[in-house]
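Naming follows writing order (A, B, C and D), and every chain is counted from residue 1.
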Amino acid sequence: MTHQTKVAIVGASGYSGEELVRLLLQHPHAELAAVTSRQHAGKELGQVFRKFANHPRSQGLRFSEPKPELLAKAAEVVFLALPHGVAAEFAAPLIGLGCQVIDLSADFRLKSAAVYKEFYGQDHPAPELLERAVYGLPEAHRDEIEEASLIASPGCYPTSILLPVLPLLKAGLVKSGGIIADSLSGVSGAGRKVELDYLFGECHESARAYGIPKHRHLSEIEEQLSLAAGEPVVVQFTPHLIPIHRGILTTLYLEPARPAGQGKEMAALGEEIEGCFQAAYGAEPFVRLLDGKTLPDTKSVAGSNVIEIAWRLDGRTGRLIVLSAIDNITKGASGQAVQSMNILRGFPETAGLC
Amino acid sequence: MTHQTKVAIVGASGYSGEELVRLLLQHPHAELAAVTSRQHAGKELGQVFRKFANHPRSQGLRFSEPKPELLAKAAEVVFLALPHGVAAEFAAPLIGLGCQVIDLSADFRLKSAAVYKEFYGQDHPAPELLERAVYGLPEAHRDEIEEASLIASPGCYPTSILLPVLPLLKAGLVKSGGIIADSLSGVSGAGRKVELDYLFGECHESARAYGIPKHRHLSEIEEQLSLAAGEPVVVQFTPHLIPIHRGILTTLYLEPARPAGQGKEMAALGEEIEGCFQAAYGAEPFVRLLDGKTLPDTKSVAGSNVIEIAWRLDGRTGRLIVLSAIDNITKGASGQAVQSMNILRGFPETAGLC
Amino acid sequence: MTHQTKVAIVGASGYSGEELVRLLLQHPHAELAAVTSRQHAGKELGQVFRKFANHPRSQGLRFSEPKPELLAKAAEVVFLALPHGVAAEFAAPLIGLGCQVIDLSADFRLKSAAVYKEFYGQDHPAPELLERAVYGLPEAHRDEIEEASLIASPGCYPTSILLPVLPLLKAGLVKSGGIIADSLSGVSGAGRKVELDYLFGECHESARAYGIPKHRHLSEIEEQLSLAAGEPVVVQFTPHLIPIHRGILTTLYLEPARPAGQGKEMAALGEEIEGCFQAAYGAEPFVRLLDGKTLPDTKSVAGSNVIEIAWRLDGRTGRLIVLSAIDNITKGASGQAVQSMNILRGFPETAGLC
Amino acid sequence: MTHQTKVAIVGASGYSGEELVRLLLQHPHAELAAVTSRQHAGKELGQVFRKFANHPRSQGLRFSEPKPELLAKAAEVVFLALPHGVAAEFAAPLIGLGCQVIDLSADFRLKSAAVYKEFYGQDHPAPELLERAVYGLPEAHRDEIEEASLIASPGCYPTSILLPVLPLLKAGLVKSGGIIADSLSGVSGAGRKVELDYLFGECHESARAYGIPKHRHLSEIEEQLSLAAGEPVVVQFTPHLIPIHRGILTTLYLEPARPAGQGKEMAALGEEIEGCFQAAYGAEPFVRLLDGKTLPDTKSVAGSNVIEIAWRLDGRTGRLIVLSAIDNITKGASGQAVQSMNILRGFPETAGLC
């Protein structure tokens, strides 16, 4: 067998950390060398997550206290599955010690410490690293990821919104104004948080919006769209919580750059849109462009790193509706982070993800 | 006890019919005199719906074949819980025989037989009755319901959309153009249909849009909004299916008629909006206007005839976001139909619904 | 309207308390005069439980601190929806002040303070009241409930087990040895407890046993069965948690007192069993004896005070299988408590419960 | 890469067939050469099951009509995921043409055509093959599977019952009489059947027993237990349906062969039981023996080929309670079938299953 890259996960007790464990245990080119968790330090991996107990590659793995020096000795690549604010405290020393860091928190997704403060309500803990960080959306930033030392893996909602919108915006097919993103998220999106709102009895039979009109993820959504559009983009974003465990379904309302029209005119615009998506994603292993009869479904992407995308032009309103579905824990978090690692380390991009 | 109005339900085997049975069995001024179902004819009510078997007022009730003459003898008010197309075939003879008819299907919700044909794909079975029918949305058409002989009870999606939008449109606070309604529905919205799409295994962990961009309910939504606006209104409507049994959550994206502005200007507009809702619904028993900290939740209206409404002005985008939650089977169907009956028969409007 | 009995609920913030509110707000002969909750003191009822905000009879109701003197002034009947241990501290002063107390906790369900200590791990806080308390299972203890000043409303699992077994045991149709009760409970059975185990993400797609082999409810199950059998009864009881919100399904494995046999012999035994159930429950408003083709389903009793019971003789094993379904919050807790109140106060037993 | 075994799936449209596709697409030593389905013949695999559309190894795979000659040309190993009765019609010609057949239906699980007729209500379609078939429970019949040409993969319930009971029975630690198996199954256990009972609205919030007291799976459960015990074993079996998609949880009530006793005596028996399980399964890759604090949970085995087993001696009743959890579609069907293929073809037993 070829050389295995040694990897570590810091903060492996939440849903994203658990998913990283799952993906890295089955990865052909990575060896999970360390997992940390303050809460579980000293326990075997299989004791905390029984479902990994029988995995041959989990044998002997124990949770440890998160210590940068030990992590840097054990691993070449370190995944941070920590709350924002805390992640940055680990990133700086780990990079200093020569590790490549893939951060799943929000700490390095923004270019601006001021916007960070506006949306996250605290000073950025390591602003000097912001410039160095690469936004880890492989379909948009593959080249930069290849060269990165610090990858900021995108948020789940942003992934479901940016992948459908970016190519349209870059191609000038839709206006940068008036974008609306209406998203439905599974409860795991809140993390393994022990709060009343996430009890079974409170989520079951419940559908509700939350965090409107200024959810934190707007900051990275708008920054990435603005970069693509070459002008400031303001987005209307409404997240909802629904009783599924995994998955995000996003419905986007966009204005075509030129009138959609009717009949042949509309058909021509449709061909351009389809052509734009095909050019952007036709060869992407983790983008599934649906045909005109099918619509995205969270069920079809559960446990996978794929995003489903479909679009419809509405001749009655002139709008372009684009829909996407991802698994928030996989493509929306840990799967995408592993995809970035594959690019960074020169592995086949789909390694461990099919 | 006062005189009990005798009522009948035609087509009582689906979710709406079952809910009508539930509500009418507990109604203080109505006596459920007949329930029909071709499929169950001859069986006792409690045999088909065990949950009613112990109800004292269900004793002796048997499903019968739906025959207008017998129904007209048994009941003064007849509820039709039938598929569209079929409902109209019963409405005509029943009205001829002197019954008051409350139809839960789509057959009499539109004023125009042509629009009916456009959206339902068939000629209207009784176009001569369209003019006579009253759109049974009590909060909007109470006076007409009082005098009606044929009430067309609104669809579930339309109820969740019209109640929040109508007062704003009538007050001129929002533009009639550019309205977007994004709705999430429980699986019961599809009725008790034995199709692959509605199996537990296909709905569980699934969130998906369907029927876009031209869902049938658009016809009545647009007609009612156009009447209120005094001009044609075109709506963008995206229904989604999520794994709850009962409930619709609708998120509406509206453009204020004048710019939302910032600071005091926005606060002033906010006061007008709140004032508009309070004027329209402050005294309505079945409308719950939420305060600024709370957002609608399908869980909070499950099994009840209440609609929850909340709104937010977004200073960043200038949009007005309005959200609503109803139980699609109660306020979205059978509860609202009973509310109409209460008005029609001069009962307290909340009778049997609290 | 006739005289309304004034009632109070102490500890109205959990699922049982909330259900008591629901049932008492719609009760024709009770007036909900006070609701207490340390956590919510000062808030309006409709603020904490939005679903009651529109109820005409909830207007003006506010949570207060639980103070026996004030409660005794406000109410004739006081429901205690408190944790065990705490309930007893309220029961004593309230009874001293002349209230009738219906306790939904485990504090007064046992005759013996020693057994209480064995199963609940603490000294009984008010042993002098144990003798006075009546076990509030109406179908078994109706006469005593009529005269009670302190009613100990049964646990949810015990209700689902005792109602099916008691008549068979009293009639000598089954052996008192070897009884097995295998129960499935909805998550609300754990109360509104903010613990990791009850998060949506942990319950969804999960089925698991817990608390075996000596769950606390065994104490009251065995005490009641022993009283009925006239000899000590030991029961095997396995509770499971499944992802429904409300409901308990219990499967009982019993040994007929005489061999079940085959053919006519078995048919004769079957007739005796059916006769036994009919004699015990044929006239009970809240017991639904299912025919030989139907099996209990938690869905059929959700939100209702009914228990469904069915039985099968197995000619292959000689065993009698009895199954029951209840709503754990209604018949298993708050509905049954209201049923007891109806008996105690001389109301029709079904008042407010149909 | 080593030689890939060519495999085919006949009847790949149900849940088991879909799971076989998932497992075989990721299998390191198998190549999925053909998938058949009358209903989907001609369609691409990724068209019917979108979730496989992006898999590199699914490209070009199309559903075909099931024709033994073509299958035998395309594949060395053929999996039958067909209804009982139909499976046997394919097994015979395929074996004649030299294929190794792994049948997931009930057709070859029994030794006796008479018992088949008793439980399945029809004559066995290929009784001459019964003797040749090997019961494909690897942990019990590994040696026979190695040499088999026809493997009858066990039912889901039987797997969850046999694995815990067989070693105890063989070791003489439990009596062969009086065994009770109480099982909870996810809805996928019913297959992708479009029937009212399996609609979301009918399963949601529902827990119910069915098929008692003589479920078809009893035939293979009793046959296997009888073989192990060396005497006829009769089992009490109660299957229940609960609202999870995947998973079976089984609770077994067993009588120790000698009295459980108390204190040291009970501890000694406990050690023997633990020793028995460790001897039988300590080295099995797909059996997870839980320690004394943990109980099986369907969530912990979802999507995996592992069975979780735990046991408790009850000093109060003298019984031994054993619990198990499996994923009914994986260890209970398709995963186990792939495990058998691995044994049959000399692959590492865990290949493609971790």
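The working rule: a residue touches a chain if its C-beta (ideal position, glycine included) is under 8 Å from a C-beta of that chain, and two chains touch if they have at least 3 such contacts.
From a predicted model like this one, the values you see are computed outputs, not experimental measurements.
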Check: So which chain is farthest from chain A, going by the mean of the CA atoms in each chain?
Finding: C
Notebook entry, point to check: Is the C-beta contact count larger for B-C or for C-D?
Noted result: C-D
Check: So how far apart, in whole Å, are chain C and chain D when each is placed at the average of its C-alpha atoms?
Finding: 39
Check: Distance from the CA centroid of chain A to that of chain C, rounded to the nearest Å?
Finding: 47
Notebook entry, point to check: How many angstrom lie between the CA centroids of chain B and chain C, rounded to a whole number?
Noted result: 36
Next item on the list: Scan chain D for residues touching two or more other chains and write them down.
Entry: 202, 204-205, 243, 245, 297, 302
Checklist line | Complex interface listing, chain B residues touching chain C | finding: 25-26, 50-51, 53-57, 285-286, 288, 290, 294, 297, 300-304, 306, 308, 350, 354
Checklist line | chain D-facing residues of chain C, complex | finding: 180, 182, 184, 186, 202, 204-210, 212-214, 234-236, 238, 240, 242-247, 249, 251, 253, 295-299, 302, 312, 314, 316-317, 319, 321, 323, 325
Note to self: Give the list of chain B residues in touch with chain D in this complex.
What the structure shows: 15, 187-188, 192-196, 198-205, 243, 245
